[in-house]
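Each in structure tokens, the structures are laid out below.
Both of the next two complexes hold subunit A, though its partner changes from subunit B to subunit C.
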Partner chain A sequence: MTDISHASDVITAGADGLAEARAANARQIRNAKISAAVRYVILFGVGLLMLYPLIWLVGASFKTNAEIFANPGFIPQQPTTEGYVKGWETSTPYTFGRFFLNSFLIIIPKVIGTAISCTMVAYGFARFDFPLKKLLFGSVIAILLLPNVVTRIPQYLLFRDLGWLDSFLPLWVPSAFAGDAFFVFMLVQFLRAIPGDMEEAARVDGANSWQTLVFIVVPMLAPALISVCLFQFMWTMNDFLGPLIYISSVDKYPVSLALKLSIDTTEAFEWNRILAMSVLTITPALIVFFMAQKYFIEGLSAGGVKG
Partner chain B sequence: MTRKRALGLGYLTPYIIGLLVFTMIPFGASLYLSFTDYNLMSAPRWTGLENYIQLFTKDRTFRRSLTVTLIYVFTTVPLKLAFALFIAYILNYKLKFINVFRTAFYVPSILGGSIAIAVLWRYIFASEGLVNMMLTGLGFEAVNWFGDPQNALFTITLLRCWQFGSAMVIFLAALQSIDKSLYEAAEIDGASKAHCFIFITIPLITPVIFFNLIMQMVQAFQEFNGPYIITQGGPLKSTYLLPMYIYDEAFRRFDMGYASAIAWVLFVIIMVLTLAAFWSSKKWVYYAGDKRS
Partner chain C sequence: MARLQLSKLEKVYGGGFKAVHGIDLDVQEGEFMVLVGPSGCAKSTTLRMIAGLEEVTSGEIRIGDRIVNALPPGKRRIAMVFQNYALYPHMKVRSNLAFGLRLAHVPKPEREAAVQEVARILEIEPLLDRLPKQLSGGQAQRVALGRALIKKPEVFLFDEPLSNLDAKLRASMRVRITDLHKRLKAEGRPSTVVYVTHDQTEAMTMGDRICVMKDGHIMQVATPKELYDRPANLFVAGFIGSPEMNVIDGEIEGTDFRLGGQVISLDEAVLNRMQSKPQEAALGIRPQHMKLSAGNGLTARLRSAEFMGHEVYLHAMLEGKEITTVAGAAEYDALDRSDERIRLTPDLGHAHIFDRQSGRNVSLPLAG
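Let's look at the complex of A and B:
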């Protein structure tokens, strides 16, 4: 008897256990679902909060001046392109087209100079041994952390003595000497992760180091190089302090300075002109970002994590 | 072998020239200038410690600016990192559209440094701007963002927190590289989500926390566009961060010696804090495969 009752106890216990396990499993699935739902709600809410100012900016640039501070919605009630037309003309003898041209005249040499110099330097660091290598690579990290504020004044004096003030040269020449340590660091990290087999094979076939760099290393480095160019493009487009210090004539203003000028010179109540030009100045960066976002994210992750 | 050595240095030529001309010489020169009186008109005149004595004993603006800068950095950096980690943690889950969210969250970082966004901030925090329209719409009282010294600095903090994207991307990559079996093992042992986060996630991502902390801190100390465009340093110098003071002294008043002294004080502060972080990192940063810990 006791045996049988014991056996039945065991069976019920087993059934209970099974039911419990099922319930636990169901609970787990339900928890996972709730967790996913909570995550989506937070992400969606935060995303909306993040992007709403930008959406509002675009909408407001098509609003009449009377509506901008009266309507928190982003859809203009009486859409107008007046802000764009008048804003483009500016209060200077030049249109915004001129300022965009100036920005590109800075960006293009800067990006090309950065790509070439940083590739060479990264190749040197990643593939060769030479005296003082540790010290020199240490200096890359040191520059990475060195606040620009401490070198800015003597740099200004240097460029003044060279007669470069009010020209684009101070804005891009330092970058053409691999001055942006972040990019050197990023490319070195990337190169170190690529095995040198291909280069060794090329060397055995009689290629010199320069040919190896151009024909073997650069193609493999392409994704990282694209990241470098994109970041440099973006940062230069956004740079304000550099042009503010070095550029004094209005005909050489890049868009960042031109926008600041339009705030200072546009009459109060002409808000939509400023907002419209703000939209235009961020458009190139946005287009580039959406076309090549994968390179941004990869570049950032590589620079940050593998270090 | 010697040829190869020379080659390596050859590839470094642009860097070495740049390092000397654009970094090392200016670095030394700025230290020298900080001990001089130099207004661009006549040659620098050596004045010893005078600039520094002036700064620390007589200059009220400097004291104010330094205080405001420290407040700004010590609120902005932790807030931004906490927020970036929070969002990265939520994103690190098998969610559909994770890439869409990641992209959306990164957009502000692409644009945040631009003047256009600083201009936008001026508009949305204006007394009748978007933020106050929304606050009053929800039944709250409108906030005097730019008129009140208590609030103005916070608008800049908010702008920089809004740009949490790059820190988030780095956190997310680190979270994704954590071995999932660690969590499974911990769960079997009865650890809660919070325990897993504190005892597994945080220790394993300390290297990127450290990296983000240093980078964001160095950046925050150099904040210029925000105060210059959004608040013009006001009201009552409540947003007059040190980089703006340096700019005004150097490029408006052309007092290069005094400006260099302020720049050096700022540099020493950043350096001391960075070294302190590096020194303390031995105690709290965990590197996988590192036998010491």
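Let's look at the complex of A and C:
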């Protein structure tokens, strides 16, 4: 008898314990939900704050000139595409399309040239031994640390003597010969983190250095290469100083200069045109970024080695 | 398919470190040669020189009748299997296998047929359309093996191919590789193999012959049985065999081997085999050949016993030196352990005498 009653005590005690555990569990779930809600509200608030100028820019590009300064909100009262239409026409004989074309005539050879040349140079530094390698790599790092402005004048003189002024060449040719130390350095670091075994296996399989580079190294380097192209694209699109120095005729202006142009030549600033063209200017960069985002993120996380 | 000869092969690394000290090795056509030795003894360096992945400082490597020193890896007619598989991560298994043939401009239908054949032999047909990251370790290693096999090379090189696998898988892969080697031989295209490992079980079970290395020198090249029965020096004696051979230091006086206060009288079984009588000698005897005895023999103090199932390893102190002996489980149960003293009789027919100065075995039988 005593045994049995004792056993039932244990059972009820057990049931009590279980109920308590359930209650505690429910409490924890509720707390987790509340804290998640708080976190999201904060994140959303800060995000909105940071994006506000961009949102305002897009909103304002659809406003009339009068409204831009009268109404601080970003939703236009009387939406109009006048800014886009007039802005596209520009005050020059060329449409804005011409300037976009110019931009791409610089960007495309520059991005392709950078990807190819930097890969080759980085492969050389990361995988081969050659005389003066230390010195040469040291100079790459030195260039990396050197402020850009220091070389502007000698470069200008050089390109003047080559007769390249007022052409696109000074803007992309140096990059197409691995002139951007930052990208070389970035790829070298990425390559160093990739074990050399696959390349050795390829060599045993009969590949020469070029085949190893093309068939084995480049695919493994793809995430880093996509980052390189993306950065180069955005930086070139936004580059103002380079074209300002080397390009003098309006028909060769890239968009970055063309935007400035519309501020210069119009006496009463047509702000809505400028804003509308600014929106168009950032669109390609945004599109490219969102398209490449998947690979970009993959690249950041692909380093993990499977055991 | 080809004989592999290394002569006076040396390797000095960039920093001036001499990793390989002029080794000579002759691997016969169709032979399975295992390179074994402790970590850092330059097994990989030697193998990589044969593969052409590491430059040769001096000496000569011959494959068949060609001196391959100056040839790039792809032209040496070798294939290599790496420890961490080294599969091309962005290619499907199929392309991984076919990569070498593709570079050699083998037409597609032939390539496909070769892939199918290798996949069948290694039972990786269902895996052909997977990426390397979707494979388990054992599957990845089979693919790596396939990538070597498909090229029909003259020499196969393996660098610790099984050391990333668990014990069970390793045992089955071991059998798979030796079976494959035999099968190729039976099919009339014998393949020469150089297999690097630091696992002596692998070495003993797989090798036709074993090359024991230490610090860039070859200590002995012999069949597994010969290495076990007739180690050429103290290093090989200690390296091959488990539990390790007992090495007891002592002096030889006449026909007596003196260790501390005790004496072993060497009989004909040993004396006839001895080529010299070193003053400072060491007696080497495997635990299996140290028999427990009643009454006479060497006296040792029992320290611990390891129960291994059908036998027991006894660890004892003999004149301040730890020795091991193997006893049957029943024998151990019957042992009187009241005073911690055990008596041991070495089977001198299996004993070796080493010169402590040079480490050489001076008691090698001339034949048999």
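Just so it is clear, the second predicted complex is superposed on the first by the 245 of 307 C-alpha atoms of A that agree within 3 Å, B and C clash if a C-alpha of one lies under 4 Å from a C-alpha of the other, contacts with A are read in each partner's own complex, and residues count from 1 in each chain.
Assume contacts are C-beta pairs under 8 Å (C-beta built on N, C-alpha and C of every residue); 3 or more make two chains touch, one makes a residue touch a chain.
Source: prediction; values computed, not measured.
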item: Fit or clash between subunit C and subunit B when superposed on subunit A; value: fit
item: If touched residues of subunit A are counted for subunit B and for subunit C, the larger one; value: B
item: Touched partner set for A:V204, first subunit B, second subunit C, both or neither; value: second
item: Which superposed partner A:S167 touches (first subunit B, second subunit C, both, neither); value: neither
item: Which of subunit B and subunit C A:P195 touches, first, second, both or neither; value: second
item: Partner chain in contact with A:P219 - subunit B first, subunit C second, else both or neither; value: second
item: Partner chain(s) touched by A:I153 [first = subunit B, second = subunit C, both, neither]; value: first
item: Contacts of A:A36 with subunit B and subunit C, given as first, second, both or neither; value: first
item: Partner chain in contact with A:T95 - subunit B first, subunit C second, else both or neither; value: neither
item: Subunit B versus subunit C as contact partner of A:T80, first or second or both or neither; value: neither
item: Which of subunit B and subunit C A:T64 touches, first, second, both or neither; value: neither
item: Closest Cα approach, subunit C to subunit B, once both complexes are overlaid on chain A (Å); value: 6
item: Subunit B and subunit C footprints on subunit A, overlapping residues; value: 129
item: Complex interface listing, subunit B residues touching subunit A; value: 4-12, 14-19, 21-23, 25-27, 29-30, 33, 87, 90-91, 93, 95, 101-108, 110-111, 113-117, 119-120, 123-124, 126, 128-130, 133-134, 137, 162, 166, 169-170, 173-174, 177, 208, 211-212, 214, 218, 221-222, 224-225, 228-229, 243, 246-247, 250-251, 256, 259-260, 263-264, 266-267, 270, 274
item: Residues of subunit C defined as touching subunit A within the complex; value: 14, 51-53, 72-75, 78-80, 82, 84, 86-90, 99-100, 103-104, 133, 147, 151
item: Touching residues on subunit A, where the partner in the complex is subunit C; value: 129, 195, 197-198, 200-208, 211, 215-216, 219-220, 222, 306
item: For the subunit A and subunit B complex, residues of the former touching the latter; value: 35-36, 39-40, 42-43, 46-47, 50-51, 53-54, 56-57, 60, 68-72, 117, 120-121, 123-125, 127-131, 133, 136, 139-140, 143, 145-158, 174, 176-179, 184, 209, 234-235, 237-238, 240-241, 244-245, 256, 259-260, 263, 271, 274-275, 277-279, 281-282, 285-286, 289-290, 293, 296-297, 300-301, 304-305, 307
